[in-house]
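Same chain, two partners: chain A is paired with chain B first, then with chain C.
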Partner chain A sequence: MEDFWYEVVEVSQSIADGLLFGSTYALIGIGFTLIFGAMGKLNMAYAAAALGGAYAGLAGFVLIKAPLVLVFGISAIATAALGYAIYFTCFRFIPVNNHLASLMASVGALFFIDEVVVHVTRGSPLTFPSMFGDVYFELGPYGIRGDLVFVFIIGLISTGVLLYILFRTRLGLATRAVAQQDIAARLCGIGVHSTNSVTFAIAGVLGGIAGAMTAAAVGVLSPVMTVPLTVKGIIVAVIGGLGSIPGAIIAGLFVGGFENVILYFRGIDERDMYVVALLFVFLVFRPNGLFGTAITRD
Partner chain B sequence: MHLCRSMFRLNVKEEIKIMKKLFRGVSVGLLGCALMFSALTSSAERSVKVLGWGAQSGPLKSFGVNSETALRSAVAEINAAGGVKLGDGSMVPIEVIGYEDSACKKDQNIAILRKTASTTDAIVGMGTTCSGSCQAMFGVLQKKVGDASDSGLQMPILADTCIRPGLAKISEWAFRNVPNEIAMYDALFAWLSQQHPDIKTFSGGTETDQGHSFITHTAVIVQAAIKHGFDWVGPAVPELGPKVKQGMKELQAAAKTQHWLMGDTNYSVQARKIKKQNPDMILVSSHPFSACGFLKEIKRQRVKPKLLVGLTSSASQETLNGCMKEAEGIIIPTGFAPITAQAQKANTIVTKAGGFLDLHSAAAWENAYLVKAAVEAAGITAKSETLAEDRAKFRDALATITAIDGLIGPVTRDTATGEASKPYVFVQVVDGKWKVIHDPRG
Partner chain C sequence: MDYYLNLINTIGIHTLLGLSAYLLLLTGQVSLAQAGFFGIGAYTAAIVTVIFEWSILSAIGAAMLVSGGVAFLVGFPALRVRGLMLVVATLAFSEFARMFFYNLKWRVVRDGAEIGPDGTMGFAEIRYFNNNGWLNWEVTIFLWVFVAVVMALIWWSDQTRIGAVLRAVGEDELAANSTGINVTVVKVAAMTAGGIVAGLAGSLYAHQVTDLDHHTFTVLLATFAIAYPILGGLSNVFGTLIAVLFIQGLLVEGLRFLGDWRMLLFGALIIVAMNIKPLGLFDNQTIRILRKALGVKRQRDSV
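The block that comes next holds the complex of A and B.
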């Protein structure tokens, strides 16, 4: 009986950890989904840009001894700039209907950013400062990391701000208009390219925060994180429903919890297999994800 | 008038004779100069060419960069001292004709090996990063020298980084200057059992997607700890102990929930599992990035083992860059530390050149001297027309070398198994720096 309760505590603890850490997946997933919602295209370089921004934040911390809040700010601004550059190089001049070209261009940007980081850092892992890294709440048999709670709260705030921008500002209105019908938006005087570039920059701000928070949660920043985060971000965006922000949030938390439970019971060798199987199940049985709208002919 | 004419004729004839003599003399002189110049340039242009490769991109770039820097620095030192002596007695420099990027990928390593063997004048390939890549690459080489039925490549390879035990037996063309991990960890745990009698139990984890880390953890480190009386308190493993291979499989299956992947970002489950086991000693058999992630997580979860033991590849600057505080106290056996005058000198040179000398890059330095020794023993001519012959002679010479002076002591090679045996020391992170805490040679 004692073992049973121990297992209950451990499993629920693993789920709690996963949910908290899943907030970083959620933020990365929101970035993917936001750009897909606006343009109907996947920006594969999104997670790489997020980590690139985190490196910029770390540079600020090391070179000018920037306080942690500023580290996050530098990360966000740098990723916004990277996002804008990615839009300009991989999407702006590629015909709207050529989805494959922009997809491949963004894959190229992913590896380019990754290799630039590897070149500059020689691939060496670097310590990333953590906010509330020493805070650890112990509630009976449970333990909750203070920094993950912070990550979770920042994730919620960032999402709230994003939703406010999207649904309460003229910029958000323009973004939604371009996403729904770009020709009609153009007829209404909305600049499609300027709106898209701003969308990339906003997604970049979110990505920079996500990159910095992920690095802060791990405590180490390394180029080896790029591909796993890209894969997780896409899985989250697809499971949540491409284009759905609430879907990305829920899917991010769900994937975080799910993979921890699998890790707990089945081990590291099977963890990612189950997570990818989950994606496969969604693609087959619910291709529009949890909250995505059905893709129809325009 | 006639006299004048005859004198004039005579003078003209004499002049012609003199001119002919002069012409002959100048011609002979020019020919001699040309021959001498030709001989000089031929000697000056000759060099012993080597080509290196290792990770120059990707997350393990630092391994390749450090090895390249060490190799080039050692070659520069050899050349400054006169170079190497060829079979005809001439002294020529060693030339590193390139350092390719294998990116720690098997297919890329094999492609570079094939290209080096077929399109370059390199007499030996030097590198490379990642044991898995080495294993695949060695498989492309001819297994037994002189086996006409084996169409494998006949290209000597001198490795510095691929450390996983047992790789030397794959091909007689492959040579490794790497520490013997089985001996190192055996000695480490023997020493720890004497120094820390209070430590009874242990557990730990590894990164399962890295062949070296995973195999060394399951087949070497855990087994050595058990052999020296430490009790494994991780998941129950029925065959752990004397039956190493069976124990390795059982351990792999039983402890799968406390392992991780190299690119993981969340170690909470693994750390909690190990925390519950409450071991005195935790093994972190992992490369720097994930080792740091795991070490940070156990610190967050207030796991306080009496001792941490790490993977030999993590005895590097990267670990200090990633988690200096969390790695404080970790003990790792390593094949390099600047404990001799020669090692200190090499360390200074490589550091000035922008590299970092660790157990892998130090081997790259030593390998440059190994090339010099083998070339001089083989008596090669370093001419393009004798390339295949030179490679074979070089390989044979390398195979007969059983000992060289390494940076921290003699490096020996067992001709039966092909495995190297290197001196090693135990280092520990003390006050944020690697410190040698024990030299088993006393």
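The block that comes next holds the complex of A and C.
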């Protein structure tokens, strides 16, 4: 009986840790879903840009001893710049209904960014500073890592700011208009290209924060993180429903918790297989994801 | 000499990989699952020759069967998702296959030594060609016979109703359905055929490279597989072959000038190519220009 309660505590501890870490997946998922909602296209280079921004933030830390807040800020701005560059090279000039060409181009951008990172860092993983790394709350039998709580709070704040921008500013209004029906938006005088590039930049800010968050939570930054982060970000966006921000948030937290529980039961080697299997389950039974398309496309 | 034979083998295997994606692209299904089928074929064939100690042809046959079977199973849920979601689903499948082989451990003791797939350490000692006295150029010819046969089969099918049906489904499913084509059957058949060809490619790859590592079967390989028919265009099989020659040649030559930076070049090249020619390098426009330049006339050309 003792053992059973011990298991329960361990599993719920895993879930709690996973939920906190899942906020990073939620942000990446929001980024994918924003771009899909706005253009109907998938930006495969998004997670790579997020990690690229995290590297830029790390460079700021290493070179000029920037405080952690500034590191996050540099990451956000760097990824926003990368996001704009990706928009310009992979999405701007390709016809709107040609999804495949943009997809391939963004895959090319993924390779490009990855190679640059590998060469600059010579392929070796780098340690990323973490805030509150030594803080540890104890709640009865549970222990909560301070740095995960910090990461979670940053995620909350970022999402709050994003929602404010989207629903309370003219910029957000333009973004939602273009996402809903870009022809009508154009007739209203909204510049589609400029709005889309802003969408990419906003997604980039989120991505940069998410990249820095992931690196801070894990403690290490390495180019091998790109593909798993891309796959998980896409899975989160799809499970949540492409185009839905609340969906991405909930799916991100869910995937984080789920993944950690699997880690507890099956170990790290099989963990990602189950996350992918989760995606298949959703695709078979609910291809539109949890919340379908909140930002509808015609 | 061996270096060039290796390059020719790689081109052959990648051509098969590209053709398997080509079949699916004809029906409008963008599939990143070819890397997964490739891996399944590779491991199956290797297991057959190494653990069961059967001949190479039965290994290739088994690989084609298993990959085709898995592709058939993948084909049905694939019908439920469209466009980009299919890309995501097939990408997830390839990753799943890779992780499956990452965890696969089946060690057998033969002649005092342990052989077989060893989980994270990969699958080494696939020595069928060496043990049976195959020379390097014999392997190359063997490989390319398969490539030629597959290319011929696909080219032939394009001249018959099969090709027309595939392309009809790719162009407009609703219209194809209205003319009585069973879209489900066509799409699943295309997926299965793609799986068979990719499995074939994998089985040849496993024996040519003698050492399998899960790092080969990643998103990168799946991207290569779909990049070949996209770059080569969908008009005919030779486009894919030329795309393979182009990309592999570029990577090899690029290696000489840029060393490790060749992936950078590859990434930039894809971006440029997609912006200039979003419909593929050998789309109808280019072919028309080429035909005019070479003075080749066809009966249905009005000028």
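Observations, loosely collected:
The criterion applied here is as follows: the second predicted complex is superposed on the first by the 292 of 298 C-alpha atoms of A that agree within 3 Å, B and C clash if a C-alpha of one lies under 4 Å from a C-alpha of the other, contacts with A are read in each partner's own complex, and residues count from 1 in each chain.
Note that in this section contacts are C-beta pairs under 8 Å (C-beta built on N, C-alpha and C of every residue); 3 or more make two chains touch, one makes a residue touch a chain.
This is a predicted model, so every value here is computed, not measured.
Once chain A of one complex is fitted onto chain A of the other, the partner contacts of A:176 are absent, as it touches neither chain B nor chain C. In the superposition on chain A, contact is made by A:90 with chain C only, not with chain B. Judged by the touch definition given at the top, the superposed model places A:107 against chain C, while chain B stays out of reach.
Of the two partner chains, chain B is the only one touched by A:263; chain C is not. When the two complexes are overlaid on their common chain A, residue A:273 makes contact with chain C while staying clear of chain B. In the superposition on chain A, contact of A:193 is made with neither chain B nor chain C.
Of the two partner chains placed around the shared chain by superposition, chain B is the only one that A:224 touches, whereas chain C remains out of contact.
Chain A uses residues 115, 119, 227, 269-270, 272 to touch chain B in one structure and chain C in the other.
Only residues 30, 77, 80-81, 83-85, 87-89, 91-93, 95-96, 99-100, 102-103, 119-120, 218-220, 223, 226-227, 230, 260-261, 263-264, 266-271, 274-275, 278-279 of chain C touch chain A when the two sit together in their complex. Here chain A touches chain B in the complex through residues 10, 13-14, 17-18, 21, 24, 115, 118-119, 122-127, 133-134, 136, 143, 145, 147, 214, 217-220, 222-225, 227-229, 256, 260, 263-270, 272, going by the rule given at the top. The part of chain A that touches chain C in the complex is made up of residues 36, 40-42, 89-90, 93-95, 98-105, 107-116, 119, 227, 230-231, 234-235, 238, 242, 269-270, 272-273, 276-277, 279-280, 283-284, 287.
Residue ranges on chain B touching chain A, taken from their complex, read 55, 57-62, 65, 208, 256-257, 259-266, 268-270, 272, 276, 288-289, 292-293, 296, 300-302, 317-318, 321-324, 326.
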